[in-house]
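Listed next: structures, encoded as structure tokens.
Two complexes follow with chain A in common, the first pairing it with chain B and the second with chain C.
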Partner chain A sequence: MQARSSYPSVAPGAAAPARPRGRLSRMIENDATFKWLLLVPALLFMLALVVYPTVFAVVTSFQKYILPRPASFVGLDNWRWVLNDVSFWSAFATTLKFVVIAVVIEIVLGTLIALFLNREFRGQTFIRGLCILPLVAAPFATSLAWRHLYNSDYGVINYLFQLVGLPRVEFLADSSIALFSVIAIDVWQWTPLVIFVVFAALRGLPKEPFEAAKIDGASAWFTFRRLTLPMIKPVLLIVAMLRMVEAFRVYDILYGTTRGGPGTSTETINWLIFREGFQYFDLGRATAMSVLVLLIVLVLTNLLFQQLIKAIRES
Partner chain B sequence: MTGTFRRGFTRRDAWRTSAAYATGLSAVATFGLPAFAQSGDADKIVAERVAANPDKFSLAQIPEVSNKDKITVVVESGFWSDYLKTAMIPKFTEKTGVEVEVVGMSTNVMYAKQQVELLGDTGGYDVLSMEAAYVPEWAANGFVKPLFELATEYDSAGVDGMAEYLKPFYAGLMTMMTYEKQPYSIPYNNYTQGLHYRADLLEHPDERRAFAEKFGYPLDVPMTFAQLIDVAAFFTRKAGEQAGGKPLEKDLFGVALMAGRNEQINDEFSAIIWGMGGDWFRTIYDVKGALEGFEVTIPDRISVTAAQTYMELLKSAPPAAMSWDFPEAANAMAEGQVAMVPFMYNNLWPVTSSVETKFPGTHAKVATVPGGRPYTGAYGIGVAHNANNPEGAYWFVKYLTSYEGQMAYALGGGNPCRRDVVLDPFFQTPERRLTNGAYAQNDADTMAWTYDVAKKGHFTSTAMGKIYSELAITCAKIANKELEIEPAYTELAAKIVDIQGRSGNGKILEG
Partner chain C sequence: MARSLLFWFGIVLLVGACLFPILWMLNLSLKPNELAQAWPPVFFFFEPTFEHYPTAWRSANLGPLLLNSVIVAIGSTILVLLVSVPAAYSFARYETSRGHLLFMILSTRMMPAAAIVVPYYLIFRQFGLLNTHMGVILAHAFFNFSFCTFVLYGFFKEIDPNIEYSAMIDGYSRPEIFRRIIFPLLKPPIAVVTSFSLMFSWNEFLFAFVLTRTDASRTVTAGIEQFWTMTGIQWGPMSAAALIAIAPMLVFSIYLQKYIVRGLTFGAVKR
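On to the complex of A and B.
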């Protein structure tokens, strides 16, 4: 049965009538404009959720803006207050300590575990699956669980300590170790991220250089130092950058454990900003602190980024 | 003792507890207090008591409500929100035709969560829950509707009827709920502090004899801070030693304190400072009784001595107290870990007294805190300025705080704010002691505050929600020995001046 078309037929050999082309069609056909067209949704998204809030924060940092009262321009007052505030610099030092220790441990530990997982052994799929568990847990719920694991009276960790004859430790109540206890939670939660990123990088490495090194009789340490490490260095720098930015924002695990204490020994910048912004609703001061932290993080990220470019060029 | 924790905690307990917490029960243990549970026969008892008191405002007296829109109410999570949902709200909806959505919140997030909604003017909540410290702030910002205005609009009894309705509530607590002579909120949860102690220890003849020999005066419930320090030190003992005529299976400490980085450490410091006759900052009125401003009194000799007292007490507290809040402190007594919780909120009596059921032979009692000036306050409920259904919200607030509502609250172990409920003979029986046994002491201590609440910056400053946090931070710094007492107070005084100047209702007057 012959199908009948409802469209007007064109006689064979006759040229199709030229249709007027719209502006959009022309833009789509032009490579120069089409690439920008594709970027429009992302740019709008960035404009609304990144550029506008950042500009708003910078402007607000020069205002006295305590909700619900209206904002008024105060020049550099908030900045002066932040720079002279002892609590800010104390919290900044704590944050820096947290970031450096946590990120270094996570990178080193994560790389070592990834190297281990890169071998063939029985149960490797199961072990790799286990490693992902801390990543899927909500940080706040995790911190509550850790709070009780750390408990000096009924926590499992102290119980195990006592089994092997170690003294009881006040993980969260002793200000000299509370920060390290919180860092341990962060390490537990985020080392798996490093493991998986580095593991993926290791799997993607070419085999030839390693085979050549083996034939030449290179030791495992030499191979790691001179081959593996330089080849995965860009990945390590990327993951370090990601973790650094994330660690600067640490908040939830403090909320569930120390809440900044004992005293102010675990009070980080984000905790301070939260208090100023969402307890005192002093948006001027809170944004001045946020912008200052943003600038510091930008500088640190830039340093890592330069290293990353260098590493990519070298590799 | 194989498999036994050195301090009496078994291996199975340790694994079970941690596993339970690790699987998510931690949130319940942290924010919900298991000792609280509504009585199975609460409905029946409430109905009987309401019938026996026909003169009290009750559900039957709510007139036809013209606005039937659903209302959203914020209440503290736990037994109370559960009971509201299953018992009181269905009755209210049946009577008024107004549906009620309950948003349960733990008290430590109530301020921030509601404040965000109020600042955003979202109209998310019709009925607000508010702590005494932020009633003036919300009232001054126009976030809460004055009760008299609501009564004029929706209640045939009018302003006089509302004034009459509020009479059974503690006057001191009502002062906290009032701003510029207008009540904005009705209190329902009284958290005045008391000294919760183990009477089986403090009243034991052997202990009394030993104490008298050691300190040269008789052992009694401490009434002064010097006595408190002595008694606390006296009962701090190691596992294996005797206490109350029995060998201790685990270490015993004299006191439980809430020295963690939470606002409750301020309440302990405040009780000591106020008990010594001092202040953080006090309210100054002119001859006509109008607010003139505030005078910051720290650092003075009293506040410094108060901090030294706290540091002394810390020596007799479990080391973990440096991270404790009120649930942990109350549980420390429930678990037989301490002899006293000197500044415990009386609404946690059902928790502290549960030591009696866990350890037969123990006996819990409550007394006024040393110095006689416990931290006091209440949570209240009021109608949001942007309520979708202010009429429904008004009647809900009145119903919830009625004799019926407060009776139900008391039956679950809550600490009501109506004297007619607190003093109801039903709660004075031995059967009710473990649930409501702190009422008599709490009544005396709350009444003692009647005239002095208005003198404290704590209950009159519109910036107190913010200052409160700073007080706690300073106390925590002192407790943690991060700063010497005087410099810490000097820094705090500057912050009070700054916050009050930026966000407060009255100027800071030179002392």
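On to the complex of A and C.
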């Protein structure tokens, strides 16, 4: 038994303790029961914090429940209302628009910056360390600073616009622009994540194909298209998936800046549910929306997940 | 030479873009009130004032809020570790339920926050958990649970099971094996999961805000909400408070950068 010497901390001569007896210890020593014993805390946790709230939400969605009055069953009323509600579907469209635009920009920009940083230079670790800061600062707190930067009367961004001769823009008060302004905050916050992931993938690539391409005189673009991109594609897909899931629940930066406005131009699903539940206190409708969103997201992520697995297998 | 100059110009642009909003927060927090809304904006040359920090500290009750953040972050992290370490071990070593349960746990991560917050509010109201530390701890633990289990699962998969089998043959009991062999190997994954979980909890806004209505258990990130007004914002105190709220994580990230990156990417980045 060669493996003996590799036990991390079991001293070779140490006397093995006697096996304890008793029902619990027998369950611990037996693989078939032990593996489920280990899962007991997790299962209780899931039951209390996932299963119970979900069942509770489904039940509440069939009730008329406007705080502070008690709940009463009304059948499908809330569901009929939500499915016919224009603001629900428009919030859904806004959310999709937010997710798609933000994630596409973050992936493209992040990949470009990672390619740009992929070389040896003085102070590289320090500089990459600075790029992580948007990721670790609470988004609600930084969005407060963005609100000042975006201001049309005294904001720095309008000042920069003026310097290069661009007109003054109402970044947060113009309903055709506000959504893009909020997307820009999300891009600022999350592009570093894409940079870090792609950068790590680039560093892990094998050297030989790139040297061969160089000897053959391939252009930088050709090398990127034919070598780099296919090799980092799985990583890009994973990070895109992660970002989509996270972007779907954008909330903090909306709360710090536009609060769904002007009008309903930045009203996402999250925002709508929050408004229905905690400003109008119509919990029946809010939970009906919640359950519907849950179903839609589960179906969407399942589809994405299958595509992801397929794409990773192919490459 | 020109190429290198262009490269450094790019670096300056990149770092500037990453840091500017945070530096601007610092700038606003040190600027006298009359300059906060000046046009053109004042960048450098002004007499700094330090009055906004004590003002913000007192008016927003920041001391207790920071303490709440610490309690909630540590509490939810400990809870998550207690639940996900054994679960991840079971999944990795025994393929318990052949991955179905693991996938189910992972998919709770996809649940949109707003869809969960309303039932949580109602249930916590019933059980008297609103405005308590425990309420926020449970909510944050829910969010981190799936992630932590998944990352730990990846780590456990890498431990050679033969080490355990041979120890078993030598007559070691299961608790002994855990104490002497598994736990010492667990330091790096626990560091990843812990730093991610602490950071998530510190920065989380929606649940910390909805599940608390008083300063008794509200975290600092949710607490600075009180500075938000439609008009007549006190930019100085607000920026000072926001900076105090994010400062611990900024410092934290200097030391734990690689763990945080590994955590944020679900363990995809291994360096």
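Here is the rule we go by: the second predicted complex is superposed on the first by the 255 of 315 C-alpha atoms of A that agree within 3 Å, B and C clash if a C-alpha of one lies under 4 Å from a C-alpha of the other, contacts with A are read in each partner's own complex, and residues count from 1 in each chain.
What we mean here is this: a residue touches a chain if its C-beta (ideal position, glycine included) is under 8 Å from a C-beta of that chain, and two chains touch if they have at least 3 such contacts.
Worth saying up front: this structure is predicted, and the values here are computed from it rather than measured.
Asks: Just chain B (first), just chain C (second), both, or neither: which does A:41 touch?
Replies: second
Asks: In the superposed arrangement, does A:210 touch chain B (first), chain C (second), both or neither?
Replies: neither
Asks: Which chain, chain B or chain C, is in touch with more residues of chain A?
Replies: C
Asks: Now for A:170: first (chain B), second (chain C), both, or neither, which partner does it touch?
Replies: In the superposition, A:170 touches chain B alone.
Asks: Which holds for A:113: it touches chain B only (first), chain C only (second), both, or neither?
Replies: In the superposed model, A:113 contacts chain C only, not chain B.
Asks: Please indicate which partner A:260 is in contact with in the superposed arrangement: first for chain B, second for chain C, both, or neither.
Replies: first
Asks: Contacts for A:278 in the overlay, against chain B (first) and chain C (second): which applies, first, second, both or neither?
Replies: The answer is both, since A:278 touches chain B and chain C.
Asks: With the two structures laid over each other on chain A, which partner does A:224 touch: chain B (first), chain C (second), both, or neither?
Replies: neither
Asks: May I ask you to decide whether A:159 touches chain B, chain C, both, or neither, giving the answer as first, second, both or neither?
Replies: both
Asks: Which partner does A:192 reach: the first (chain B), the second (chain C), both, or neither?
Replies: So A:192 only meets chain C here.
Asks: Would you tell me the residues on chain A in contact with chain B in one complex that are also in contact with chain C in the other?
Replies: 141, 144-145, 148-149, 151, 153-156, 159, 278
Asks: Of all residues in chain A, which touch chain C in the complex?
Replies: Per the stated touch rule, the residues are 1, 3-4, 6-10, 16-17, 19-20, 25, 28-29, 31, 34-36, 38-39, 41-42, 45-46, 49-50, 52-54, 56-57, 60, 113, 116, 121, 127, 129-142, 144-146, 148-149, 151, 153-156, 159, 188, 192-193, 196-197, 200, 235, 238-239, 242, 245, 248-249, 251-252, 255-256, 269-271, 273-274, 277-278, 283, 286-287, 289-291, 293-294, 297-298, 301.
Asks: If we count contacts the way the header does, which residues on chain A are in touch with chain B in the complex?
Replies: The touching residues are 64, 66-68, 86, 141, 144-145, 147-149, 151-156, 159, 162, 170, 172-175, 178, 258-265, 267, 275, 278-282.
Asks: In their shared complex, at which residues does chain B touch chain A?
Replies: 5-7, 9, 11, 13-15, 17-18, 21-24, 26-27, 29-30, 111-112, 115-116, 118-119, 141, 259-262, 318-324, 335, 337, 465-466, 469, 473, 476-477, 479-482, 491, 499, 502-503
Asks: Help me check something: in the complex, which residues belonging to chain C touch chain A?
Replies: 7, 10-11, 14-15, 17-19, 21-22, 24-25, 28, 36-41, 82-84, 86-87, 89-90, 93-94, 96, 101, 104-105, 107-123, 138, 141-142, 145, 149, 162-163, 166-167, 170-176, 180-181, 184-185, 199, 202-203, 205-206, 209-210, 221-222, 224-225, 227-228, 235, 238-239, 242-243, 245-246, 249-250, 252-254, 257, 260-261, 264-266, 268-271
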